[in-house]
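Since the structure comes first, as structure tokens, the remarks are kept for the end.
Per-chain residue numbering starts at 1, and chain names A, B, C and D are given in the order in which the chains are listed.
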Amino acid sequence: MPADGDVEFRSDVTVELVKAAAQDSDVIWAARVSTKGESSLEDVDADPEKALGLINYLMRDRHGTPFEHTSMTFFVSAPIFVFREFMRHRIASYNEESGRYRELRPVFYVPAPERPLVQQGKPGAYEFVEGTTEQYRTVVAETEAACRASYAAYRAMLEAGVAREVARGVLPVATYSSMYVTMNSRALMNFLSLRTKHPESHFPSFPQREIEMVADLMEAEWAALMPITHSAFVSHGRVAP
Amino acid sequence: MPADGDVEFRSDVTVELVKAAAQDSDVIWAARVSTKGESSLEDVDADPEKALGLINYLMRDRHGTPFEHTSMTFFVSAPIFVFREFMRHRIASYNEESGRYRELRPVFYVPAPERPLVQQGKPGAYEFVEGTTEQYRTVVAETEAACRASYAAYRAMLEAGVAREVARGVLPVATYSSMYVTMNSRALMNFLSLRTKHPESHFPSFPQREIEMVADLMEAEWAALMPITHSAFVSHGRVAP
Amino acid sequence: MPADGDVEFRSDVTVELVKAAAQDSDVIWAARVSTKGESSLEDVDADPEKALGLINYLMRDRHGTPFEHTSMTFFVSAPIFVFREFMRHRIASYNEESGRYRELRPVFYVPAPERPLVQQGKPGAYEFVEGTTEQYRTVVAETEAACRASYAAYRAMLEAGVAREVARGVLPVATYSSMYVTMNSRALMNFLSLRTKHPESHFPSFPQREIEMVADLMEAEWAALMPITHSAFVSHGRVAP
Amino acid sequence: MPADGDVEFRSDVTVELVKAAAQDSDVIWAARVSTKGESSLEDVDADPEKALGLINYLMRDRHGTPFEHTSMTFFVSAPIFVFREFMRHRIASYNEESGRYRELRPVFYVPAPERPLVQQGKPGAYEFVEGTTEQYRTVVAETEAACRASYAAYRAMLEAGVAREVARGVLPVATYSSMYVTMNSRALMNFLSLRTKHPESHFPSFPQREIEMVADLMEAEWAALMPITHSAFVSHGRVAP
């Protein structure tokens, strides 16, 4: 049974690629079932240039379905407030650790010093800027104290014999959780278009920094698996086909 | 700006039917496009007995699609831990109040005295039983103290100029939120089959009591809109077609 | 039992709005649950200008979910090859007349004289141009003769006692069918972005003319129900949010 | 350019497993993220008996999500009328050969002698029985003649310079097509529960024989990949969790 001294604060998120069946060639095979016999789209297998051309054409004209015949499973550790946003993406499969079936561990998110803390501007066009040292100290002190108090209350209820699903009510949304998520590359592109922010993005997006940290790590894994598709995604303004 | 005295504890959830386009006749029209011309299924419009017979037949043989041409929008207020489970249902549309765009109000869930607090048995077959008065007092005292401390930390960060999306990390999953959810009657039946527990259910389910409270209120609204479909759902073991 | 003389050829498609729960105000209510309290988004109810502003903002920044709390049911009559493309859209509910449960009627699609018949250019960038009178005569003559022959074969098998689901194999994809389809306005915008072709479209699309005829009729119904949303869709390049 | 002599009639369907990331262990890993720490569910990795127990428990209590972290891609060749039914399953990814982009080949479905041709009973409870030799001869003769006539009309239009998408209208739904389809094992179980007919099925189903032929081949591939899950599916009445 963890003592209060076991409470842990982290500022990172982790993403592990558990398994994948996702290659650029999956896209090409699926696309070619439609077009076989068209001479201008022939021979993509033999010719990397043509493979690139076909994938660029699919991205540009938003033929999205060939990108679906792929599958990636990630194991993600992040605070609950990140998972709340993540699970709004419905074209994906999820299994998250359960606060009903297991006792939750006392690991909580506290922003890193470089995390911008202050929001300026008006709704829909907020910008975030660095906070002062004083503000950062307030965030750390208030977050740590509140999380310790919440966890102590959780433990007190469990020790009194109260069910986990009741006791967990006091745990904050900064509590770390973990999940398996499986997505295809089309759904992942949609996720990335909304949950990352890049100057070259065709459509604006305003992700919360913490889900963007998860998205960035997922993007790096995906780019290594499907470099041609990733490159076409970036060069077409990070718009999901 | 709310003072600590404004912190509110509730034990209920609320469901308001905002709008609906959902009638038993919608199911019949959609089913009849398939079967028109079949004499045994004719004349359901003229004859309530036949309408009942057609809907029972669809339910029994799991012809689910005719139940989809319906739409109900609910406004739900409940703690965040309920919404976490709710949004795992992907065949639905959601808009929830945002902790990034608005300051969250200090309203927290604490179980009512009749809520069973103690879990017995083994995973997959837990039963819940009443707790002792002592246990209930522990739950109330710990929950209230932890929620007050969390909210004070949230306010302190906001007053220091920290962004809402950062400050909210300390708020517990017992915090009330609200959302619009839109579902068709087939998706609703699936939701009810998993999130309510009835002796007559064909398949077992083990919902957490708080989401079941939401599901019960939704079921009552739906039963009033589509009484024949509801009755067929119940008499066929609460299995979604 | 229809004689061969009953065979009918049509060149049109029909769309009937059967029911709808879809108004611009549905979008505003759903969006405001997120943003309530933000002064710049207040008072949209009282002020049509602000309603327009909010919907334009949602469209521009691709906040798609508020557009989902709407529902429209259409009854569509069109050839099978149109339904084959239509049903690739998975965020929708369908019930189509069944060739297993009912005998299909001898109604077949033949292009109207103004339908461009000749395809030029290369894959992904085809253009269609008018055919010659000779070409049109060929299309009409060949289509009518083949459909009559197919239907005669269908009837011959039925009269020999063969099951409808076996006999229908000979019926051409030009055979008319009918279906109920229910969609929300976000899914409809995605459908329209891919199945209509407009000079002002931000992304190119190359719909087959016959499904575009269906899409145009659906768009007209929708524009009457949700004029502000429709106008924002058009002015933002017909991109689904 | 194929001459009429090239017209081909087949009575089979084919299914090729193109790639898969689908093992029983995927289900176990995903399930364990929820339950880790529960002693009764520990050690499933080390113990095949426990793996079987966990999967049986998930199937019985209809915990469906752990079965989703799997992916199988099949290449299917079958008549269009099979694909029309197949694509009603929306939790899947499809790419089918396109009659707009390619010229379709003259391959048509004609039932094999053992295919029951006669339907008896009433809607919702049809049974199929063998036809007479005379009936079978009628089916073969009428189908072959109609398909040859349709294909000749298609070719005549193409040779006159008419676009493929216009000419194809005359082709019958017995025309063979091919597609890639990707599904996870939960969606596949739902497909199998509706598109196969077994005495041990808990819920009745009335699939058309030709889609059942496809489903049977898919089931055999899946059973080899995930034998424990398949066995649990069968022993629990072929109900998708």
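Rule of thumb we're sticking to: a residue touches a chain if its C-beta (ideal position, glycine included) is under 8 Å from a C-beta of that chain, and two chains touch if they have at least 3 such contacts.
Bear in mind that the values here come from a model prediction, so they are computed numbers and not experimental data.
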{"item": "Contacts common to subunit A and subunit B (chain labels)", "value": "C, D"}
{"item": "Which of C-D and A-D has more C-beta pairs touching across its chains", "value": "C-D"}
{"item": "Inter-chain centre distance, subunit B versus subunit D - centres from mean C-alpha coordinates, in Å", "value": "34"}
{"item": "Computed distance of Cα centres, subunit D from subunit C, in Å", "value": "26"}
{"item": "Centre-to-centre distance between subunit D and subunit A (centres being mean Cα positions), rounded to whole Å", "value": "33"}
{"item": "Where subunit A touches two or more other chains at once, by residue number", "value": "35, 38, 65, 88, 94, 101, 123"}
{"item": "Footprint of subunit D on subunit C - complex, ascending", "value": "79-81, 83-84, 87-88, 90, 94, 99-101, 108-111, 115, 117-119, 123, 128, 131, 134-135, 138-139, 142-143, 145-147, 149-150, 152-154, 156-157, 160-174, 208"}
{"item": "Complex interface listing, subunit A residues touching subunit C", "value": "35, 38, 40-41, 57, 60-62, 65, 88, 122-124, 194, 203-206"}
{"item": "Residues on subunit A engaged by subunit D in the complex (per definition of touch)", "value": "18-21, 26, 29-31, 33-38, 65-66, 68-71, 73, 75, 93-98, 101-103, 178-180, 182, 184"}
